[in-house]
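Shared between the two complexes below is subunit A, which has subunit B as its partner in the first and subunit C in the second.
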Partner chain A sequence: MATVVRRKDFSLKVLSRNPENYRRETKLDIHKAPQNPESYLHPFAIEREYQRALNATKLERVFAKPFLCGLEGHRDNIECLAKFPTRLSHVLSAASDGEIRLWDLSTKKCISNVVAHDGLVRGMCAHRSGNFFLSCGQDANVKFWACSEEGHVTQEPVRTILNKHVYQSIDHHEKDDTFVTCGQSLDVWAGDRAQPYQSYTWGLDSMHYVKFNRIETHLVAVAADDRSIMLYDIRGGAGVQKLIMRMKTNAISWNPMQAYIFTAACDDYNLYTYDIRNLTMAANKHEDHIAAVMDVDYAPTGKEFATAGYDRAVRIFNAVEGHSRDVYTTKRMQRVNHILWSMDNKYILSGSDEMNVRLWKSKAAEKLGVLKPREKTAFNTAETLKRTFKDHPEIKRISRHRHLPKLIFSQRKELREIKEAQKRKESNRRFHSKPGAVPFQPERKKQIVELKD
Partner chain B sequence: MDSFDKTEKQAEKTKIRYFVPREPDPNGGGKFSFVRRSKEVIQEKPVPKEKLKKWRKNESLKGKTRTKFHTQKLKDKKKVLDNVIEKSARSEFLRTEEAGEIVGENVYQVTQNDIKEKADEATQQKIFDLRLNQFGPYRIDYTRNGRHLVIGGAKGHVAAFDWQTKKLHCEINVMETVADVKWLHQETLFAVAQKKWVYVYDNQGIEVHCLKHLDSVLRLEFLPYHFLLCSSSSKGYLSYLDVSIGKEVSGICTKQGRLDVMGLNPQSAVVYLGHPNGTVSLWTPSSKEPAAKILCHGSAVRDVAIDSSGVYMATSGMDRRIKIFDLRMYKELSKYQYHHKQCPGLLDFSQKGLLAVTRDNVVEVFKDFTSQAYRPEKPYLYHRCERLIYDVKFCPYEDVLGIGYQLGFSSIVIPGAGEANFDAYEANPYQSKAQRKQGEVRLLLDKVKPEMITVDTNITNVDLETAKELQAEREKKKYLKPSKIDFTPKHKMKGGSSGVKLIQRIKGVQEQNLRQAVRTIVRTKQVEGKLDSHNQNRKGLQKSALDRFKKKN
Partner chain C sequence: MADDTNSMDEDELEEEEAIDGVAHQKLINSLFALDGKKNKKQSVTLRTSNISNNLDMAIHASRDTLKIHPQDLKLKQKHVSAQLQKPLSALEMEKTKRKLARDTVHSEMTKWEPVVNEIRSATQTAFSNRPHGLQMFQSMQPKSFTPRTPLEQEIYAALGKDESLVKQNQALSVAETKALKAMSVKEALARRAELMKHHTLLSRMELKAKRQKKIKSKRYRKVLQKERVAAEKKELEHLRQNDPGAFLEKIELMEKNRMEERLTLKHKGGGKFSRLHKAYSKFDDKSRDAIQAMLEKSKELTKKLESLSDEEEEEEEVNIVKTVESTKTSDSVIDDQMVDSIIKGKFGQLKTSTNMWLNSTNQFQTASTSNSQLASTSNSNADGKNPDIGTCHNVNTHTSSIDTCTDSLPLKVTENLSANSEQSLTAPDKKSQETSEKPKSSDVNVVKKTSVSKKQDKKKKCNESNKADISKPVVFLESADQLTVNGDELKVTMEELFEDEDVVEEFSKEKAEMENKNVVKHESKLPGWGSWAGPDYKHIQEKHSKKRSQAQLKDQKVKKPYAPYVWINPNKDQGIRKLLPKSVPFPFSSVRQYELSVSQPVSRGLVPETATKLLTKPEVVTKLGHIIKPLNKEEYMSKKEDIDMEEIKTKSTEFRK
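== the complex of A and B ==
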């Protein structure tokens, strides 16, 4: 800046920059980048931002390759999957021929396998310590298996409990040395006892799925064949609540962050999220599958869950939204029976009818591995941009678009038509009957038949 | 908990503990032992409110919301916005350069020689004259960062150079008449409107393209964020050519005759054409009709210029007037009439809002012309060339005005014309080659679509009109309810208004109304059902996201 005061009649100040102030000194320095947020220097800032958001959305779809690998080795249908709460890379899978395999996800290899049961393996769960896991099978045995830190499983069970009835499902308590099994009745086992110390029945039908709450650890949710979901407190003598629905519940998953929320995968193609404080109505209904939902598992964040569908698709739902945010299919994947969300929130495992366990990314377009700081910033920026412009029609369309198998595509269309027809019929009936004769019924209430205390 | 405890805790919170390496122990203690020391966090000084006010101008996040959820959302949004405002205001402290000015009495008498005498050496270098008396008159153009200059003589001489270092990039003679020259997005390419077609040359003077879409072009403008080269021809055609893909985006027959007056709004990318009948028309690539027409002068328009904020337009006409319009209201703000035999010619706004006006061989630079109360008595500065001036342009980010005239080119210093503090992510006069290349890629990735050029719509505005239309349509279609009617029957004699009769009469009217409503619902449903099935088979009815920017009939 040159300021010269003249003795005559004017003082002069002219813009004169020293280029040295604006260039980097050496090649090792970063470039100098002065900034000026004055709006007239940034024309079309919003339009350019929109363009960036559009590009980011398109790139997300380009890089959406969720399938990582198939874990091959089983010689029969996958019957169950189980994760270790304290081990990230180890996962258990069991098949219809009674074989249990332990997989290492970092190497994508089977570490050890053991023929555990005579016939189907019905249920499996890991102990919190990670030192052993439990399995129950068609041979009416419950077996305890020890596994080392490296993942090696002993070929003989540590302990075996012989029963009269087949147990359909098993789950271990979060903290205590207690586990529950279900079949003809819900049995609670503790310590080294050979007999259950508590047995519950409510009605005559058998129970096929049991799950412990991870926060309120004494709470158990059970799905029974009489289309009901039952809640038990294992400290008490009888069940707490029984909710009878129109269709059977296949699986239940508790929200790991909200103790009072669970989601039930139902045979009527939908999932229902319930708040146990008020079971007269579902907190949410999650649609999109075109066949029975076989399994559901929450992400450790409690914000999302993955579902396994009889329609050969894995879907991922935002826990508070009614429709799925993503769907994973492959040409070869058959009916998906089991699903797991890994404890690091990064991967999803699915077990399907054609003897394969598949490993997926939980975010389809996510880049795996260590990110450099600049990459991280770029991804964060893209994420923010997408969020900012997510409601713009063009961006919405691209981000929602999925190429689906023909069957799913046409079935969804058909289901939509059926639903619309039903709605139309109901409204017509309402229109032509006495006011109040055809009451409005919320979608979240329709599936409930009865609630018993 | 009492208040003392609270303040104690807060004070504790503002401290951050650092592990500081201890001086090496002379007695042979551990070299890498650390001691825990607390250090006060430097509290940022709050920005004065007056400074914040300037940045807060257009943002208003007031209004009612229906739910707590939305109130919270609005609050969060406001927080983000406040943060942006605060940071913008704070960035003012970091600015290193100050805008130039001349202070004194009768400043307009200050000549370039006076300035040259008093200014520093770098500024003296900026005042120069190129005597090129063979191929003139000259048209000129500066690059977006103000570093490079291209000049084109009417008789075919074209030269491109870095005017600050005076390094010549190329000098060629195209052996044809040159009507206009224009840099494209960077200093590597420039377009020249020649007698027949427009040619694109690179900075070595090699002909890269011959654009046969654009013929008999008189004026060129370039939209760097859209990569659009706008040209107006002597045959009345306005063309938009996307230079990144080499395709003509839009060609408009304006039906207005010879188009030798063109201005560009840098904020909205709308093209302003001046016509011999005194009107100025506004054009966008998505419409074949002008978006607006403004009657500015009683006789032909000589030139149009729009200021850098895109708010003010200056026009000069054969009626010896200069007028300033506010483009937010399309309203005339001020006008200025020259004396007899003096007619204003070319106009150009500087970044800081100075207005250069040519009059034969004289350039006058006015300050504050856009303020409504201003009546220019004397220009801010004044410069006389030897011959008729043919082109005048301010250099971005410099206090320099370039003048192309009959006998060559001259560069003069106008203190206070340019923006002192540039934003390196938009335009950097000191960029390296690698930065330029990177910038080009960025610019191409963020290329704005030509459909987004509109006169008044913004992409972030909620498209209420379409939403309302859709809503109305939806409501019309489904489950219409007959409107309730309030009906007080007339009083009737002879027991006609007795209790039972009265209610019967009211019910009668209501039922009649209901029946009528049902009938209309059924009918509309039938008609629309037919239309729907008909429309399903028709193509081209799908709405595009950008449809809302189209001009509605």
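== the complex of A and C ==
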């Protein structure tokens, strides 16, 4: 008979895994896939990343649709735009027929309109509280308007100040109940007074643009018709400095994060960023427009600014770079005179000659609305990859490509040739003259004529 | 205290003196006026001289009055210019003001420099001053809501007057209070009692049902079942007579259930379904037949198996143990098995396979394959032999036991074959038999090894892997043997190998061909004149291309010639070169630096999750619908001033010490 073999140390080994390692929490979750990040297991990591960056760049161009809507309703040229310091959805616009409109950006509709002035509305700004706004017009009046939380503007001004001269621009102090107007002179107004408590003049030419510094709130930058930019300290009795450039400055914007930096939009197609401690030379020169730059506004982050060009284009610059990162155009948009960057860093508004206010996204390919965490990480990764591989020719070509109107395209080419020719001429002159007779002058210094103390 | 009183006195004195001074000045002025000449210089005499005198006096007063030193007296100003300088002109005044303003602005702005530098160098900036954590508020009553917008007003008009709305400072709404008032105590009590009764009844029923559900008595269940079946029968009968349509439907349903049952192979008579069917079979011949068939099938399937398989298994286990001990015994076991199988007359296939195995040379690779063949044939044999074996486990162990012993098979099997089937061996077969004797010693080793592995595998009880384990080491050993044998024979020089081919010349020919292909031809012909090439001919482009081609030519000349037997394809990297940057990008100073910056992967899956999060931090973080305000000076500067003050304080304390 057969003997039975008894296995004493019998043990059964079964594969056992912790279900947490492979089971997803809900059926809507993605399947868990174990991944090993050891570098030797991913020999083509960089190549894959390059491909991802390339795809992300392509997708960015696919999704780059910056134009959101046009705010229609004005019956004349847009004269100025203004934003509220306390409201995101409300924006003011004024036209040449003296009408002011208040727009709601969330519904993209005009909430209320009021005929504010006889003739042009020259300047407009919101009160620091956000419940009022001020306007000055061709009829030499400065008017205070109250507007409710819902955006309804009272049909009669709260207060009117009658003046002898026309004021061309107005701006309100960031913290105090003070505002400045400029025209024949720079006037500082405070409280309920009917007369300015301080008045500055420097030279005979009138001033057309005024802007308060947002951090050092007593500093004011003024652009005057004698091609100058002036700095005033409203605590003192006299101006601080006067810089005369080759061409007129149309608008000025202070950097909201860097107290001593401002950018001036100039008639010579360029923008100049200055450090007010040293005005003998611009800190940066921003070129790309092919006509006069009409307006400039910094993003609230202080890292970028948008410009309005007479060349029918809106451009966006990185504050530290010499050339624009993006350009927005539409077929029907005429000369852009005014630009605004919204306080949440998401939108840009442009006011142009053909009576429209346009709403743009500040990042052309950005997805609006709430992002899921996974979406967020995906976007962040794509952004980082694009940054790392941005110098690779294929990616560079795709990310730089814009379809521009023929005018801008050809004009830019022409301008480039002109610049090259000028450079060549200068270098030739230097080469053929006595050493030191034609000194080298940096591009950032060329526009400066004189610095008056 | 004495000092204090003294100083008070001095102040008074000073004032008197000052007044006197003014009077004196007036007097002088009037004198000038009398004279008729104007003081052209409009000089203003200093009052300070007097004051300084007084100060001297004061100093003396504070001291011991008795001690007046001569040097103190000398301090008196003898020749003070009694006139101030001319005041500045308006222009100059403005200039100085401007200078002052400029200096203050400059110094104030320079204070911002560290802040600005920090902002500029930050890798990530988050713009949100939304408060984090807890915030304490004083408790306060919200203001009463007043509708403002037309929509709000409309809603309020529609809903605000609703009685069910709870108003402020009121526990109950109007409707609730009304309802409370409407019901009297008596009624409410009666209603409550009624409800309670209903509730208890319900719960009792529930309890009863639960209890009944738990009864395990077979008898009880049988009785219940009987009752149910009887009821069903009755119903069916009733239906047959009154409602043939419904009856047919019922029959159809039953047929369907039957089919389902058939599909599931539950061919037993004791199921609920079959019992029902038995009941219905009275009326239906078809179902009766079906039941009969079903019963037969179930009987066929559930027929008890013979206990032969069990015995066999035990035997084999013993056999396996024996093979571990010695090969001889295992041989005998195999013999027994062979004999068994041959007796049963089902060894034809096996025989052929062994023949095949014998015919082949003594390579173990083939042996292993024949092993597997053997296994498969024996498998099939086993299947054919007793189909009643339900588990395949038995069969597998059977085959594996054969596997382990096939190494020593050749001789014995052939002997058996010659003995049993009286089949004479052919000449080549004999040859192979002789050759197979050679590696016998190694075979024994292998068997030992395999038996060891077999031991391990028995624990695993995984026969499929078992086979592989056995065959692998065998292959390895044999192949190693082969190598040692062939190593000496393979010692042939390359020259000998390629004696009849002129490889070098062929290569040089090919190389020259390739080089010629890559050479850029220099266009020596002149551009045409007139408009030969048509109006769209671009002279400039040609110029450029010419330049380029010349540059390439230069490159070719510059490149060193390789050794004659080397050819490096210059176009190999052309594809990738197009995709790489041409020069080192701006912030980097060397290629190495730039490569390093690119070489760090950031995507998920290539680096750990946390690393991805850290590496892909966005530069700017903003919150949706959140206003970004400019920097607040107070937040930055007040702190620093505090620090300054503290520094001063510490310094002063040090000073005192």
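One rule holds in what follows: the second predicted complex is superposed on the first by the 418 of 453 C-alpha atoms of A that agree within 3 Å, B and C clash if a C-alpha of one lies under 4 Å from a C-alpha of the other, contacts with A are read in each partner's own complex, and residues count from 1 in each chain.
Everything below uses one rule, namely that a residue touches a chain if its C-beta (ideal position, glycine included) is under 8 Å from a C-beta of that chain, and two chains touch if they have at least 3 such contacts.
Bear in mind the structure is a predicted one, so any value in this text is a computation, not a measurement.
In the superposed three-chain model, the partner touching more residues of subunit A is C, compared with the other of subunit B and subunit C. By the touch criterion defined above, A:Asp453 reaches subunit C but does not reach subunit B. When the shared chain is aligned, subunit B and subunit C each come close enough to touch A:Pro393. Of the two partner chains, subunit C is the only one touched by A:Met343; subunit B is not.
Looking at the shared chain after the overlay, A:Leu162 reaches neither subunit B nor subunit C.
Once the two complexes are overlaid on the shared chain, A:Leu88 sits against subunit C while remaining clear of subunit B. By the touch criterion defined above, A:Gln35 reaches both subunit B and subunit C.
Of the two partner chains, subunit C is the only one that A:Thr377 touches; subunit B does not reach it. Contacts of A:Pro19 after superposition on the shared chain: subunit B is touched, whereas subunit C is not.
By the document's definition of touching, both partners, subunit B and subunit C, reach A:Ile46.
Overlap of the subunit B and subunit C interfaces on subunit A: residues 2, 4, 35, 37, 39, 42, 46, 48, 50, 52, 392-394. Remark: subunit A residues 1-2, 4, 6, 9-17, 19, 21-23, 31-44, 46-48, 50-52, 55, 392-394, 397, 427, 431 touch subunit B in the complex. On the subunit B side of its complex with subunit A, the touching residues are 55, 87-88, 91, 95-107, 110, 114-115, 118-120, 122-123, 225, 266-267, 269, 308-310, 351, 398-399, 413, 415, 418-430, 432, 435, 445-449, 452, 458-460, 479, 543-546. Listing the residues of subunit A that touch subunit C in their complex gives 2-5, 35, 37, 39, 42, 45-46, 48-50, 52, 85-86, 88, 150, 174, 214-217, 219, 231, 233, 236-241, 256-261, 276-277, 300-303, 320, 343-346, 369-370, 377, 380-381, 383-385, 388-389, 391-394, 453.
If you check the complex, the residues on subunit C that touch subunit A are 94-95, 97-102, 104-106, 108-110, 112, 115-116, 119-120, 125, 127, 148-149, 311, 314-315, 317-318, 321, 578-582, 585, 594, 597-608, 611-613, 615-620, 622-633.
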